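Both of the next two complexes hold chain A, though its partner changes from chain B to chain C.
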Partner chain A sequence: TSSSGVVQGAPGLVSVPPGFSMPSVPPPSFPGQPAGETGSPLPNPGTYEECHRKCKEVFPIQMEGVRLVVNKGLSNHFQVSHTVTLSTLAESGYRFGATYVGTQQTGPAESFPVMVGDMDNTASLNAQVIHQLTSAVRSKIAIQTQQHKFVNWQCDLEYRGDDFTSAVTLGNPDVLLGSGIIVAHYLQSISPALAFGGELVYHRRPGEEGAVTSLMGRYTGNNYVATLTLGGAGAHATYYHRANDQLQLGVEFEGSMRTQETAVSFGYQLDLPKANLLFKGSVDSNWVVGAVLEKKLLPLPLSLALGAFLNQKKNTFQCGFNVTVG
Partner chain B sequence: MAGIEELSPAVGPVDTRPPEGEIDEDEDEELDESFIERLWGLTEMFPDTLRSAAEVTVSSSFTMAKKLYSFSRAALWVGTTSFMILVLPVVFETERLQLEQQQLQQQRQILLGPNAGMSGGMPGMMPPAPVKM
Partner chain C sequence: MSAAGKKAIGAPGYGVVEWISTACRFATDRNDFRRNLLVNLGLFAAGVWVARNLSDFDLMSPQPII
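Take a look at the complex of A and B:
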C-alpha cells in the first residue's frame, strides 16, 4: 500500500504535494564483490535523499480534514486507489491513482518498471516512471501538471557502485528558454558505518544562474543513525535512535541561512502491534505539539488515523482523520 | 481667632465662617483628610529609606504574584493540552488492551478451570510444578 505523505524532491526543486507518493522501493542488495579498494567490501550506502529519511519518518504528518482512501489490488502487478478529501482550509476533491509494477524482477521485493500515476478531479496529473536500465543504473521520470499546465518535469539517473552511489537529476529543462536545474549527488561509504557525500545544485534562468553545494556525513551505529548536512542553504542535522522494538526516537535540527531561523524538533514513534496501534508524536521549538494515532480495525481491512496539531504560541489547532480501506 | 485670620487670609469673608464655639468640632468633621489618609500620614514618621524599601518590596511582590498567577495559568493550559495530545491516546489504548486481555484470561479461567488462567492456558489437570524436559 502506498503511504501518502510529502515526498521532498532535491533541494532547489519544487517539493511534491501530498498525494503524490511513490511506493517504497528498497535498495537492491548487491552480492559482496571483493574488488573493493581496501580489501574488505564496503556496503553500498544507499541514496543521498534517504539519509535523513529514517529520522523524518518518525515524525507525525499534519492532517487536516477528512480523507477516505480505498486501495484495491486488481492483480499482482496493478493497484488502483481512490481518494476523497474533504477539507476546511483547502479544496475538497477526488483523486484517482494507479500503480503498475512490471515483470522484470531484480530482487525479492521489487520489480521494474514501476509506473505510478495520480489524477485529480481538476485534471492535475502526477506521474512517475521508474525503471532499472541495467543492474546498476536506475532511471526515473516524473511529471507534474496543474490542470493542463506542466509545472514540474524531471528526469533522474542513478548509478549504484560497490560502495558509492551517484545520481544526476535534470529538473524542468526548457531548451527554448534556456532554463533548468541540474542536481548532482554523490555518496561514498568510507567505512561500514560512515558515509560521506556531496550535492551540487545548479540552476539557470534567462538572465541569472547560480549554484549551491552541500556536504553530508552519516554515521550508523548499533541502534542509531546520525546525519549532518552542511551547505550554502543552511545546516540540517538528524539523529535517529531505536530504543527498543516498540519505541523509536528522532531529533532534528534545522537552520536556514536564507531566513536566519533555526528549529529543533523532537519526535517519537510508538509501535504496539498487539494493540494494532501506531502512535507518532512530536514537540517543536516553535511551540508546536502534534500527534498522529493510527489504528487497524482488524477484522476488516480498515485503518483509521487521527491527527491533531496544536500551535501553543499562536493558539491555533488543526485536526483531521483518515480512513484507509484495503 | 486673630491668629487664624493671619494664617489663612483666603478662607473667605468673616461672616461665612462658623461661630467660634463650633470651630473645634467642625474642624474634625470638615478636615479634607479621610481616615485612611490620616493613617498614611502616620507612616511619615519612618525614615525615607525604610519607606522606599517597603514600597519597592510590596509593589514587586504584587507584580511577582500577578506574574506567577498568569504563568501558572499558561503553564497549566499548555501542560494539559500537550499531555492530551501526546500521551492520552496511548494511555487509553494500552488500558483497553489490558482490560481485553484480562477479560480473555477470565473467560479462559471460567471455561477451562481455575488453573488455566496462566500464560499458555494449559488445562488445569497439570501439577503446579512443571517438569522441564
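Take a look at the complex of A and C:
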C-alpha cells in the first residue's frame, strides 16, 4: 500500500482506496448463449406409463362379489397376504401373496430388490422381481402362469437420465418359435412443464410381424396434468386436476380408429382423512355410472370398501364389497 | 309457370330446411363414428371446463349460520 492509503493493485489492475471494493465482473458470454441464462437442469420426466396414471387413479375400480383380504407384516422386509374371493361372475377362491423388500435403499420410500408373488388355489402364479441394477438402471422380470402352463413372461430394462427416461420391454420371447414382442419407450423433458415421448411396439409370430408407433405429449401445470397420446391405434387424452386437498378430478377421452369407437369418462375423488373416508365416482358416455366408498373403521385395523356400477344402456348392475384387515 | 315460380322462390328456404334436417339426423345418429367423435370431444372439453372452473369448494368448511 502507498502512504496515502490507496491499495496498489497488481500490474494491469485498478487501485482502490481502502474500504472500497471493485465491482464484480460478469462472466464472459459465449456466442449462442442468451445473457442471463443460468442453465438450470431439466427434471427427469418419469416413465412413459406413469403419464396417464394420475388421471386413471381418480376413477373407481369395478367391484363384484365379496373379498376378504388379510395382510400381515412379518418383518420390515417381508409381508404376506391372504385373499378369499366369493363371486358369481368370476371364479371364487383363495389366493396367497408374499412381498419381500430388500435392504438396498435408494430413496426415502424405495428399497430394492422387490419381490412380489401370489398363487391361487389352482396353483396359478403371478410373480414380479424389480431390482435397481445401478443408480440409473432398473430392471423388472414378471411371470404369469395358469396352473402349470406359462402364459406371460416378460423382462424390462429402464434407464433414467437427467432429463429423459428410456425403457425396453421384451414380452413372451420364444427363440424356438421365433415369436415375441418388443416395446420401446422414450420420454424427454423439453421444459420443466412439458415432456414429449414415443412408443414403438414390434410383434412377431411365425408368418406375421407388425409394428405400431405412438407419440405422447404431457403438460404439467401448478395443479393439473394434461396428457395426449396419438398413434396408429387411436387417441388417448387425459386431464387431471387437483382442485384442493380433498378433491381431485379426472377427464379421459379414448378413441380407436380400428374399432370406430370413442368414449369419454369423468371421474372425481373425495378424500376426507378427518373422516377416514375416500369416495370415488365416475360417469361416462356409455351411460355407465359407478362409485366406490372406502372407509377405515378405526381404531380397528380394518377398512371397508363398497362399490356399485350401473350400466343404464345395458340395464346391468354390479355391486361388491371388500374388507381389508391389516 | 306460377308453380315453378313459387318453387324457385321457396328454394333457398327449402335448402335451409334440408340442411337443418341433415344436421339433426347427423346429431342423433348414434352409429355414425364422426358424430360420436365430435360429441365426445365436446364432452371432453366440457369436462375439462367443469374441472377447472367448478371445483373450487371446501367440503370441510364450517356451515353458514342463518
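Assume the second predicted complex is superposed on the first by the 288 of 326 C-alpha atoms of A that agree within 3 Å, B and C clash if a C-alpha of one lies under 4 Å from a C-alpha of the other, contacts with A are read in each partner's own complex, and residues count from 1 in each chain.
In this section, a contact is a pair of C-beta atoms (placed from the backbone, for glycine too) under 8 Å apart; a residue touches a chain by one contact, two chains touch by 3 or more.
Note that this is a predicted model, so its numbers are computed, not measured.
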Which partner, chain B or chain C, is in contact with more residues of chain A?
C
Just to be sure I read the superposition right, which of the two partners does A:251 touch: chain B = first, chain C = second, or both, or neither?
second
With both complexes superposed on chain A, which partner does A:204 reach: first (chain B), second (chain C), both or neither?
neither
Could you say whether A:277 touches chain B, chain C, both of them, or neither, answering first, second, both or neither?
first
Touching A:53, do we find chain B (first), chain C (second), both, or neither?
neither
Applying the touch criterion given at the start, work out whether A:310 contacts chain B, chain C, both or neither, answering first, second, both or neither.
first
Looking at A:261, would you say it contacts chain B, chain C, both, or neither? Reply first, second, both or neither.
second
Contacts for A:224 in the overlay, against chain B (first) and chain C (second): which applies, first, second, both or neither?
second
Can you list the residues of chain A that touch chain B in one structure and chain C in the other?
270, 272, 274
So in the complex, the part of chain A that touches chain C is made up of which residues?
224, 237, 239, 241, 243-244, 246-247, 249-251, 253, 255, 260-264, 266, 270, 272, 274, 285
Can you name the residues of chain C that touch chain A in the complex?
33, 36-37, 39-41, 43-44, 47-48, 50-52, 55-60
Considering only the defined contacts, which chain A positions touch chain B in the complex?
270, 272, 274-275, 277, 279, 281, 283, 289-291, 293, 295, 306, 308, 310, 312
Using the touch rule from the top, collect the residues of chain B that touch chain A in their complex.
78, 81-82, 85-86, 89-90, 93-94, 96-97
